[in-house]
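Next come the structures, one after another.
Next come two complexes built around chain A: one with chain B, the other with chain C.
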Partner chain A sequence: MFGKKRQKQKPDDAVIQQLMQIVGDSEVLYLKEDLIAYECDGYTLSKGMPKAVIFVKSTKQVSDVVKYLNTVGIPYIARGAGTGLSGGATPLGGEVIISLVRMKRMLHLDLKNRKAVVEPGYINLKLTQSISDKGYYYAPDPSSQYACTIGGNVNENSGGAHCLKYGVTTNHILGLEFVLPSGDVIELGEEGIPDRPGYDLLGLLTGSEGTLGIVTKITVKILKNPEGKKTVLAYYDDIGDASQAVSDIIAAGIIPAALEMMDSIAIEGVESAAYPVGHPRDIAAFLLIEVDGIDAGIEDQIDEILTVCKNNNVREIKVAKDEEERGLWWANRKMGFGAMGAISPDYLVQDGVIPRTRLPEVLAKISEISKKYELRIANIFHAGDGNLHPLILFDASIPGESERASKAGSECLKVCADVGGSITGEHGVGIEKSAEMRFIFTDEEMTAQTNIRAVFNPEDLLNPGKLFPQPGRCVEIKREITKVVVS
Partner chain B sequence: MFGKKRQKQKPDDAVIQQLMQIVGDSEVLYLKEDLIAYECDGYTLSKGMPKAVIFVKSTKQVSDVVKYLNTVGIPYIARGAGTGLSGGATPLGGEVIISLVRMKRMLHLDLKNRKAVVEPGYINLKLTQSISDKGYYYAPDPSSQYACTIGGNVNENSGGAHCLKYGVTTNHILGLEFVLPSGDVIELGEEGIPDRPGYDLLGLLTGSEGTLGIVTKITVKILKNPEGKKTVLAYYDDIGDASQAVSDIIAAGIIPAALEMMDSIAIEGVESAAYPVGHPRDIAAFLLIEVDGIDAGIEDQIDEILTVCKNNNVREIKVAKDEEERGLWWANRKMGFGAMGAISPDYLVQDGVIPRTRLPEVLAKISEISKKYELRIANIFHAGDGNLHPLILFDASIPGESERASKAGSECLKVCADVGGSITGEHGVGIEKSAEMRFIFTDEEMTAQTNIRAVFNPEDLLNPGKLFPQPGRCVEIKREITKVVVS
Partner chain C sequence: MIYSDIEGVLPAEQIKHNAKCHSLGNDGNQIMEAYSEEDISKVLSFAYQQSKTVNIISGGTKRGYGGELEQADILLSLGNYKGIVEHSVGDLTLTVKPGTTLREITEELAKHGQQVAIDTPWPELATIGGIIAANDSGPKRLLYGSARDLVIGTRIVYSDGRIIRTGGKVVKNVAGYDMNKLFIGSMGTLGVVSEITLKLRPLPSFEGLSLLQFPQGGQQAIREFSMQILDSMMEPVSLEILNPSFAEKMTGNRDYTLAIAFEDRKKAVQEQEKWVKNHVPIDAKHCVMHEEQARRWWEKFRHFGPNGHNDEEYNDSNTQAALKIGSNNFDVLIILEVSERLSKEHQVTTEAHGGVGHGISRVFIEGLPENIVSYIKALRSEVERRHGYVVCTHLPFKLRKLVCVWGEIPPYFALLEGIKHTNDPNRILNRQRFVGGI
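After this line comes the complex of A and B, so read on.
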């Protein structure tokens, strides 16, 4: 059929034909070469080939597709920009991917009541860009915000550097429209009601990682720009001193807009990448601290932060002299993950949470894991809220290194769970950490959750195999435990 | 058996005997005269006689009681101080009330990490009182805070005047231990994890009005006292001007700690009660506005608030000159509900939410309802977050007035729902507003919620008849609709 556009040839598969009927011929990908890009999201250690990818344009299309797929028993996954870091949008194999990237409009903007209604494919950063000239912004700022969609943010309950003061996505969602796995469309919220009647389904759906329904419309809070902001950079020779400064700042009653820490390997990375700041290479860590609010209050807080940092043996400390310097510091920090590519062929981002006060001890244990698996580990830390990102550097072309990286990552999460923390702060569980859910949940706690999933998603056609340990794996784990008991 | 303590006589009832076995003889009330006080909570228009009231002292006792009651199929209700305003702890008749008031200890206080662990019977105000000398407080402040328990607050997701800036109870809960209707004990949260893995069960349980489990331990956030606070009182001749001032303050980017409004009938009440301030009797409404934070920022915000109020035709405006005056203004405001007793034999509090901008229109409609039912209605309004409390004044001794008050209340909620608001802002649905859930939820939305209830509470033994319309009533409604279609 040389010279003919390949998509014009009608496929033999009846399911593909029916999907084309619903969303249009040009909106269905089904050839292997077109599907390869959809084998995984930003978590690349697990891949699966979807049956098809379809691009929907309306809530009705989503509902019609879901109803149809129910009749033929084919599983399906909603996908935004595919920037997720835990495999939440990665197929196990054979699913239909429902891409929401063409549902990308802002439907309504209401500055007076501080809210906007967007479709799920609307890009995070675009919202702030479209209202910043009027003095407003949207608070959740994941590092991928230039590409990730707000629908994806809702499903992963995404955070970001500035979520210490302003909260993660769930704190900024006023309403959702979503399609249940039955095909029914339900709406929740809309108005800024302090305590919504009934069960908090809005909270339940937010962060459910695409396992309870497909979000088709989102009402978000927008915030007024703070009057001013100031940013401090503090260099430390000892990571214990830097950690103590973090605790002391919070104890002083200051809640900075952001309070970030990077260790020496992470610094080596960002200084080798696109936006070097000139950080000293011989420090143990730096803190990047930003305060915002009413001008009159900012100076007082900065004075107090400087005092706290000095009391904790800071080597050098400085306030950004202008917006350009502040911008450079942040560009450098936000390159954190990607910059690992400058010092390692591959890397795996982990995402544990720990009590702030346990940081020195946890870093020591991560250092032991690094030695055990012979892999370098950099640490980037949303220090204010205890969210640690160990970045495990490896080379996938060396046989066995991917597996070692994966095991090292799991051990890092175990360390976090063992000090009373958690296995994910903002990246979600997805495929990557479903087995590690057992580090923090008992059987009863897991059952309470899988029961909820079964109520929404009784046939398990929506995003199967995510978030919870797979039955096969549970059995394995249980069997091991039994062995220990028996022997 | 004259002269003998009546509780010493063993009851014949096998269930009562078994309950005594679990919690101790002295911890079970079963005689009618002892049970009367438990026929209702703070919502007095609906009453039911429990089978027994038992006082538990540990999580294990709660679990044992629940497991036992499951075997005999007897329904049960958890109850704190009984200050709820929607009948959430009111029996339908025949339930065992599990009172948590003797589980009232603080188990752990961790000022460094800003958290406290309390039992469910711990009284709200006691928490702030016990840490205020160290410079900390617990934020949610319902008007009943001198009596209500934190366990009750969790179940009702309670708010308060200062929740505008600091959020309602759900924003202050870090962890929960609760007993499921199966008797299993599960724990959620504990550490301040920004995005908890798995479904947000903590959010789901919070505000579930005692229908999903019995809370037995709570980890709450505690906050550092603000450096300073200032309070403004503004008198208005026109309620539209007062409403516009509220919108303009928020639009200016100020989030006051509290932003309250009271209308002329509410003022008549509070000026007749225990803490008269000397408010003019001929104004349409006053605003009570409090700003807190870092001293340096407060003056700027107060200046801006004064300007906004003046631009909206304020009659008189003043800043509290000292803590004593500030305290008097707040005592007067917090008497709001109770003060209705000074001007009416009975009153019914309603609890609607509306978009702030629709206030004048909603108040006009409430005024029409007042005329229609020939009942005076006062209005107290958490204006900042749109939470309106119409207080319907009536005399229960006049035949038919209770019913008229109840109908007027329902119509007020319909008005709130019709402008895009909600039927409850902070008091919950309980028995009172279960029928009104249909004002805001579709069948599909209701089913999604009742399915969740069924998963947790399959036998419907835990707090039956609350939160959702009763099947009987649904059927009635559906039948009416069918009639319309057929005719």
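After this line comes the complex of A and C, so read on.
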């Protein structure tokens, strides 16, 4: 599976040999053809060749590897499933990738205290699947949940469609074990008990994009399934009306579990992909709204939502009649990014956040950007919390288009920053948005952050060159973008 | 700006010499009143340049919470730096100055049918800055979370006077490190919080409170009932157990009492109350309150325990203390029992409550100083045996020398020191206020 046959012959590289000593011969990839798959993560506009990829099986191995790499001064990157969308797990060139996918066990389940302990390579969806028969689930549900790891989720502080009501990953992490770049193993939030005295390192590590430590064990909060759930689909002829409906739902004091929006280009994509629902092709947008909680309270909220949607000129509105229909609507929505492949050779996902009341004006600006760069932009949003995913469609085989796509993406983020928002709501900064950090932070503010990084990662050997604009290097990366061929 | 002496830093009327030292410590020689972020920045720049120590105070309710420095050079007061900066009703966000009391915030938001979901004690005295810096929380964190789930952005004045923003004003944001988290619960040792942006919630359309009172020896029934409700699909906002002495003050009955709040649409609250009614263990008494009555009950609940104002005069015979205990959720009941048993052994009186769904308990203690000290030590060893922790959230200054406020130093203390060093290299801010004397 990992090219064992081809690798029978021992490599002469001393570093590779030493890594083999620590993790076992078969757990190290070092031949170019085996490394190609690790040149990038889900963000394909930037690529770099790692020196090797190793598969660790225990915290001790991680610690030993890190200690060794420190002595030889070779940088390293932790990697989960590699579904990240900002280049967090992408090498700049020459790093050793420490893959956590073999550390994929659930170590402990404590339903009474509502927590589970998993290894970092444990797949997000598996957690919910393994406790659903007992009526429990794990709330953060990124659309990539069938593939992404909880270790990756922690490091990106991933969200999902249902985080409007339930919060993102950071709100569900009770404890972490991680290996510092020094090789020391640290345990935070022992037994998942909250508020332990000391600075909130748990909160700091979550979302640190693999730059502060390598997470080797995670204690997560699990929730009881809601008693009831109802899902509404509302079709709009005007995207402004749909945006207004979003604001009005929130203003009515309703916190839906999910409140998603897709525009016409995005709909064109999902309708051409694996789970078509039969959405009318001539609508401007739809809203997918889910309310959950105590059964007795849901009907009233659905009635209010129907009223709000109608008051905002909805064309058609329907409530899912059964679990099957609801499942289809969600499958269709969760295909969103992948579906772009059906209507465009390449696409770039952006991840801006805006105060939700500014939605109409921001959409208008994104549409101008689309015209300016002559690229189609589809929009999929977690509308309830103002998290936009403009998907910039392009064709990398046409000279200059990749560069134009990247510029258009950056401009979308500028628009978000200018209305008081953020450049990323859940996908992280990684390589992709490091220059755009300047849209929202001053140099002094970024220095305050890199100073914190230095406490954990003083030599900057762990995932170097990510998150913050680097003089020189950053320019190189941007230049590199124009060269690469995108999948 | 370089200041050679304190008089030039702020207008004279904002500087007061402080002759007397508060019995709870955390005081300062010169009281410097900030009316703006600029004032805060000026005071810190001055202190940084002149190597002066600075204690920070707002409402003063937490004056007895940590701190081995009785008197710093400067007591920076934020109590008058208050007000709402921006309430974006449609975005459910609020930006506020640190000296604003929780009550002031609650009243303003209520006009728009919104709330910040924090139910900490003494809301008319405690300021939002202090609540965040001390990471205070109440029983309703069970459903609504705690400060770390609600703060989305801050402005921080660093020890040298620099102003640094963390997070932002949007509810979802992963740009850079989540620096907000560092300042929540850091007891003002990393910077002065000069502005806070919070995520809001709509006020619930209906509130209910079910009280279950269990006769002596009914602990097993509480345990079973709590397990049952947590394993059900009900969505209680609190599952707070009151020990008998605390329950007596709240309800008149000296019984272990479980306070179960529901906040939702009226029909949903009623449904859940019906569930409780159908599951009430035999022997337990059951009563239900709604709306104003329920709100009044919680209001009373929030006015127990010592704070920096009701314990101004240190008095040997009835010294007061308060503890925050963290444990596994289902150890809460055991901890309440142990705290009661030990109170007899150590001749102190205690009142206690704890959340069986979130694992945080509070114990209020009264008695002779030496008994309080031996009581805390004994309770701590019991709690630590169960992998929990005990923090003294209120203790007279003298006793803070005798019993470690924060408990054991964590094995990763070097990281905490490293963070302190990057933010406050001269250790001028709330020196020795936090874990391990940070």
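We take it that the second predicted complex is superposed on the first by the 461 of 487 C-alpha atoms of A that agree within 3 Å, B and C clash if a C-alpha of one lies under 4 Å from a C-alpha of the other, contacts with A are read in each partner's own complex, and residues count from 1 in each chain.
The rule is simple: a contact is a pair of C-beta atoms (placed from the backbone, for glycine too) under 8 Å apart; a residue touches a chain by one contact, two chains touch by 3 or more.
Quantities reported herein were computed from a predicted structural model and do not represent experimental measurements.
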Side-by-side fit of chain B and chain C on chain A, or clash: clash
Touched partner set for A:Pro355, first chain B, second chain C, both or neither: both
Shared chain A surface residues [contacts with chain B and with chain C]: 112-114, 135, 156-157, 159, 163, 167-168, 170-171, 186-188, 190-201, 203-204, 206-208, 212, 224-225, 227, 247, 250-251, 253, 293-297, 299-301, 353-357, 382, 385-387, 420-426, 428-429, 433, 437, 440-441, 444-445, 448-449, 451-456, 467-468
In the complex with chain A, residue positions of chain C that touch it: 88-93, 113, 135, 137, 145-146, 148-149, 158, 162, 164-166, 168-182, 184-186, 190, 201-203, 205, 227, 230-235, 264-265, 267-272, 324, 326-330, 357-360, 387-389, 391, 406-407, 410-413, 415-416, 418-419, 421-423, 434-435
Interfacial residue positions of chain B with respect to chain A in the complex: 112-114, 135, 156-159, 163, 167-168, 170-171, 180, 184-188, 190-201, 203-204, 206-208, 212, 224-225, 227, 247, 250-251, 253, 293-297, 299-301, 353-357, 382, 385-387, 420-426, 428-429, 433, 437, 440-442, 444-445, 448-449, 451-456, 467-468
Residues on chain A engaged by chain C in the complex (per definition of touch): 111-114, 135, 156-157, 159, 163, 167-168, 170-171, 186-188, 190-204, 206-208, 212, 224-227, 247, 250-251, 253-255, 293-301, 353-357, 382, 385-387, 420-429, 433, 437, 440-441, 444-446, 448-449, 451-456, 467-468
